[in-house]
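Two complexes come next, and they have one chain in common, chain A, joined by chain B in the first and chain C in the second.
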Partner chain A sequence: MSRGVVTYIVGRFLQSVMVLWIIVTLLFLLFRLAPGNPIANYIDVNFTREQELNLLARFGLDKPLHEQYIVYLVNLFKLDLGETFSYAGRSVLDILKEDLPNTIYLTLSSLLVAYGVGVLGGIAMAALRGSLFERVGTTFTLMTRAAPTFWVGMLLLTFFAFQWKLLPSSGIGPALVRYRWETEWDKLMSPVFWRHMILPTFTLAVYLHGLPLLLMRSNMLEVLDQDYVTMSRLAGYSEWRVMIQTAARNAMLPVLTALTLGIGYSIGGNVVIEVVYSWPGLGRTLVDAVQESDYPLAQGAFFLIAVIIVIMNFIADILYSLLDPRVGASAQAQVS
Partner chain B sequence: MQQEAMAREGSSGIPAAQFRQGSALRQLWATNLEVFQRDKMALFGLIVFAVFALVALLAPQIAPNDPLIPLKDANGDWISNTLPYWLAEPGEDLEEGYTNTFLLGTTNIGRDIFSQLIHGSRAALLVGFSAAAAVAVIGTVIGLLAGYYGGWVDTILMRAADVAFGIPFIPFIIVIAAFFDPSIWNVVIAMAILLWRDTGRVIRSQVLVIKEQAFVSAARVSGASNLRIIFVYIAPSILPLSFLYGSFAIAWAILTEASVSFLGFSDPETISWGFMLQDAFLSLALTRGAFYWIIPPGLCIMLTVMAGFFIGRGYEEVLFPRLRRM
Partner chain C sequence: MSKRLIRLSLMITLLLLMLPAAAQDMGELVPTITVHSVTQAERPIEYETTRLVVENMRELGLDVEHRAISLLQFFDETWYSRVEGEGRVEQPFQMTAWRMVGRPERSEPDEFTYNLFHSSVRDGGYNFIGYNNPDYDALAESQRVETDIETRREIICEAQHVIRNDMVNAYFVHPLTPQLVNTEVFNADSVVTEAGIGVQNFWNWINIEPVGDERNIITATTSNLNVLNPLEIAGDSPSRVTEIVWDRLMRINPDGFPEPWAAESVVWEDDTHVLLTLREGMTWHDGLPVTSADAAYSFEAALAGKMKTNDDGNEFFRAEAQDYYPFARNVMDIEIIDDLSLRLTLETPSGAFETSTLSKLNLIPKHIWEPIMNDLIADDGADVDSIQEEIPIGSGPFKFVAYDVNEFALLASHTDHWAAPKADGWLMNVLPNLEAMLGQIQSGEMNLLWEWPSDPAVLKEIADNNEHLTLFTETSIGFQYFAFNLRYAPFDDVTFRQAVAHVIPQQFIIDNLYSGIAAPADSFVSAALQYWRQCDAPLRSYDFSIDGARELLASAGYSWDDDGRLLYP
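After this line comes the complex of A and B, so read on.
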């Protein structure tokens, strides 16, 4: 790594911290826009004025705005996200700690399936360019990108869960016997959990596979035009070897960047699917919290999703600059 | 979609678009014409929008029933969960004096599904086109200003784009929709606040190329003001790019509106396809296998979104010939 690259990474990191700070500030202001008093839903009509003030003081809402802001920043820094209104005063962090792994499992498993299928499909499309298979395949992929994920989820639910009764329809474990795994490891080792994961994973993968497939296909076609590919053809390597070893390896790089970005955006975009499948993740908690006016929880979930996105954007940028030396150079020029 | 744009372009290294010579409006017109002449799919997209626009305009005339009012039979009972007449057993009429004429059946509280579908096109197109216009206009202006002025203007605007890229889109819309009165305009506003980021970045990088060209220096030498150079000389060249991003934004907006309505953050007085699907979902249409209720709204969303994709791809092929047939 040259010094330029290090400077770029440090610069980009500081920039990400700035971006996060601005987002956090906007979040603070946004939640002050909430209709009425942030704890209006929490206050009983029978409360005396004194009780009400006590409550406001407990949440720090009696102080002027700038003091609230400082308190808010300090608390965030200490990862103290406050107490929920709707979960009998459990701490926000507590709830989010339970949700985050579920969202991550779902995101990673669906991205894994989607990028596996997408990369292989993209190579196949490029190899079979101009064939009927390619035309049908590309059109199908475009259709999956246009179909709303929640609708695809509803259709899959109707067939696989309700008509054919092959797979469970919601949650991460049977609804009647309340499943409680002692540790995350136990959960991951449990076949019941994986059975519940199949439909949501597949639904998300239907949507997510389109980007890597189309990207891989066009990168392959571009790479196949390059001299070094022609050279390896002339050198007498088999077509298979040219495709996989020479072309696909080079065409993969932008797909990797897309995958990194995809992790961040999927965690924010899973919301709808988590609701369709009652998946106890960050997105569903956010929707429930907003609907129940549980602002501390909504704010905390939003914050966590934003942090993940900013981190993944940062990693994607770094990855991109490391993989493509041209960007490294121009990025260097930008920072200096 | 934003990922797609970012993945394709990375943080720099955007392929230079091919621009036409000639007077501003003529070249814009020629580009538009070329897109729809060359690309049958883009033309198909245009026709889809035209048909849905017609349906939306004439919705009250086309729809046989009011989409919101539960229909009742002679006894005052809801005509609920009726099968479409072409699925129902022949001769099996509802109640005395009421023949089944429902093309797509009725909902669990006796609303006419076909009429809802017709009226749903209004919300979809209204949100789709106004959000796309807002995104394209804001993104274009920001891209022009950042690219042309450079310096601190550029820095501030592009850091703002970074912030916009860091805010989770659907969660942001949910929060906005929940804090203000439910209305389809919340989606439009939230999209306008966040989604200019792609358009802005891409247009900025094109402006960086264009402003070095001779005709811009010529204009500057002849004493044209900065604003005049930006909006009279540079803007027409990048407008096709705004159209490109605008077309994708239509698709994105229709999908987003559907998702937000599905999550229950839409105005219950406005029928939209996403609302219909939420209604079906909550009314257990899935367990009953009521395909006549579930499939049509989804197909309509898919069709309009694909129309936006096709038109966007049409522009892409004309503007970035390097990508053509790849």
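After this line comes the complex of A and C, so read on.
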């Protein structure tokens, strides 16, 4: 790895840390500057002022803002996200640890489907450029990309779950089966869990597949004009081999970096799908926390989503610098 | 000039000096009135009702501003801003849309009779409107200690008349709770609705009878089951679980009256001594017997707490179970007589004790809760609301199988219970998506829908289109109303309040905003609580009439300026 690339990576790392610091500061301020009393939902109307102050003290809300901020930052470093307001004495981390795996399963499976379909679809459309397949495919993809996910979700629910009764409509498994899962492994080994994942995965994939498909298609069209592709053809390789081994391999690089970014954004963007399908994940917890004014939990959930997005951006940057030598070189030029 | 003449001329001068001041006061313009409500997005019907009433108030020559704000801000500007200079915002509220929700414990009229209007709870309690009437206070206090039910009913009737005549709150509806039951899964005749509550009541859960292969009650809620703890009231949905997992000494029956339950007999030895005898053979869900020591401990746990010091150095008592402490506060002494009997000594006689204490307090197993409470008392910061048992143990007709805060609560029939449920199990899923809830009740995935925070007409339509679904509607114990801040003008004037009551188009609101699914309200005692509404004379009515309101104001000396703006008398 050249010195330029190393300097670039270190620079990007420091930038990422700065971005995170800005995000946590904004989160801290946003929740405290919001109108209303942060513990209004938890104060019983019969509480005396003393009881209310007691509650404020319990959550550290009685201290001056700057002190709260310092405590908050120190705690974040220790990965202590505080105590939730609304879940009996449970820590924010505890709740998020339960939710995050469900969100990750959903995100990864839908990305897998979306990118699988997207890449193959992109290749096919590039190969069949100008055909009816390409024209219909492109229109369909643009439509799915524009359709709101909650609407697609509701449509799929109505038909597949309620009309035709082919698939379950909510949750990660019926309670009667679900309560026997003691570990994550039990859950992953259960066909019931995967069956419950089909509709939310598909809904998310319908939305996500547009980007890789269109990206792959345009990259392929660019690559197909390159001399080495013409050379491969002249060398007598079959069209299939030219498409897959020569063109697609080269056209894939931007799609791979888009995938790393997609992981980050999808985790944050699952909110709607998780509510529609009552999927117990990070997004739904975030919505509940905001609705119930559970500030520590909302802050924690936002923070976790932000961390994932920043990390994925950082990984995408590294991938770029490793895969595309120009990135490292330009960074080196800037340094020198 | 004689002294008398000097005195007379001084008096005349003084009178002349006072005249212009009096003339300024009389006929002063009624200032702008702010009417609060929650935003349209949060509570559409309440918002629209307020908008309508504000328009009508303008017809009286008033300058009225409708301030619709988010729920969190709303409480700050109303509940927490009662008195000038002491609230969270500068100005105390003047008039606000408000609601009291129906809960089983509110079927006992004491809660509303006393807490909404007694002057002692003006500063921090439910009487946020600041009603201060010594005659009413006397009524509220006497109904509390009156143990003869007929006499008590008469007192409560009188209290309702006083509140209605004084137009303390302008009630407009008791919502009707629309609910659906799958009557292909359950025998329709076995469905029990509780007065003022609906199908989500204890008696229904134990009596509803499955007729086919599906032997479980499957229902849903939109809110998370944040904590399931017998010493904490965590909200409507968790309460549905706690009331069937933990038994109580008495239960409120479907007609709204307390009857012996885990206590086989409740004998009043005199006004302050009650002898309770438990049923024989009751067991906790872990198999141990339920004894009088457990019952006694249930009171002790509710009364447990520690002394704390506030910022000013004053000591105060802090109960561990903040929610249940008020229910047990009147119990001065507990005496265990034998394995099944105990005697309670009350500090003061209480006509509501059976409903507001014996029917509310959950029986908890001493062997489980004593160590927990001892740890809590030793720990300065923690409260009982931070406790969540992994598998909670009660002695109720259903026992815990499993639960997850944002997914479900799964219970099974406690077959050893003397009143074991007819269904095998009880499942409440957490479904934040209302459309999914509608889909599930129609497809059969769910067989009882009790919580519907949206347009009631939708459920009516679904019931009409699905033969297997039956709609149940019950008048709520709760009510919706406009609350006035009685501390300040113009709402300190009873005639002014009565005039405002006349501009609330009650029937129009019911027909158009509630699609007919609401009952007209005229009192804090719901029509659902029939016994407490059997009064000799009907309550005063305030028919919708803007002209009538103007006449009322004019008769009290109010007038209008040339621009039609209302002037004080």
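Operating definition for what follows: the second predicted complex is superposed on the first by the 327 of 336 C-alpha atoms of A that agree within 3 Å, B and C clash if a C-alpha of one lies under 4 Å from a C-alpha of the other, contacts with A are read in each partner's own complex, and residues count from 1 in each chain.
Everything below uses one rule, namely that a residue touches a chain if its C-beta (ideal position, glycine included) is under 8 Å from a C-beta of that chain, and two chains touch if they have at least 3 such contacts.
Everything numeric in this text was worked out from a predicted model, so none of it was measured.
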Touching partner for A:Arg90 - first (chain B), second (chain C), both, neither: second
Chain A residues touched - chain C or chain B, whichever exceeds: B
Contacts of A:Asp288 with chain B and chain C, given as first, second, both or neither: second
Touching partner for A:Glu134 - first (chain B), second (chain C), both, neither: neither
Touching partner for A:Pro148 - first (chain B), second (chain C), both, neither: first
First, second, both or neither for A:Asp80, with chain B first and chain C second: neither
Contacts of A:Gly171 with chain B and chain C, given as first, second, both or neither: second
Partner chain(s) touched by A:Pro280 [first = chain B, second = chain C, both, neither]: second
First (chain B), second (chain C), both or neither touched by A:Ile23: first
Common ground on chain A, meaning residues reached by chain C in one complex and by chain B in the other: 34-35, 154, 157-158, 161-162, 275-276, 287
Residues of chain B that touch chain A when the two form their complex: 2-4, 6-8, 10-13, 159, 162-163, 165-172, 174-175, 178-180, 251, 255, 258-259, 262-264, 274, 277, 280-281, 286-287, 289, 291, 294-295, 297-298, 301-303, 305-306, 309, 323, 326
Touch list for chain C against partner chain A, complex: 69-73, 75-76, 79-80, 88, 124-126, 224, 226-227, 229, 232, 234, 308, 310-311, 316, 318, 322-323, 326, 381-382, 385-388, 401-402, 404-408, 410, 427, 429-433, 435-436, 439-440, 442-443, 445
Residues of chain A that touch chain C when the two form their complex: 34-37, 40-41, 44-51, 53-54, 58, 86-90, 95, 154, 157-158, 161-162, 165, 169-172, 175-176, 178-179, 275-278, 280, 284-285, 287-288, 293
Contact footprint of chain B on chain A as seen in their complex: 15, 18-20, 22-23, 26, 30-31, 33-35, 142-143, 145-151, 154-155, 157-158, 161-163, 211, 214-215, 217-218, 221-222, 254-255, 257-258, 261-262, 265, 267-269, 271-272, 275-276, 283, 286-287, 290-291, 298, 301-302, 305-306, 309-310, 313, 316-317, 320-321, 324, 326-327, 330-331
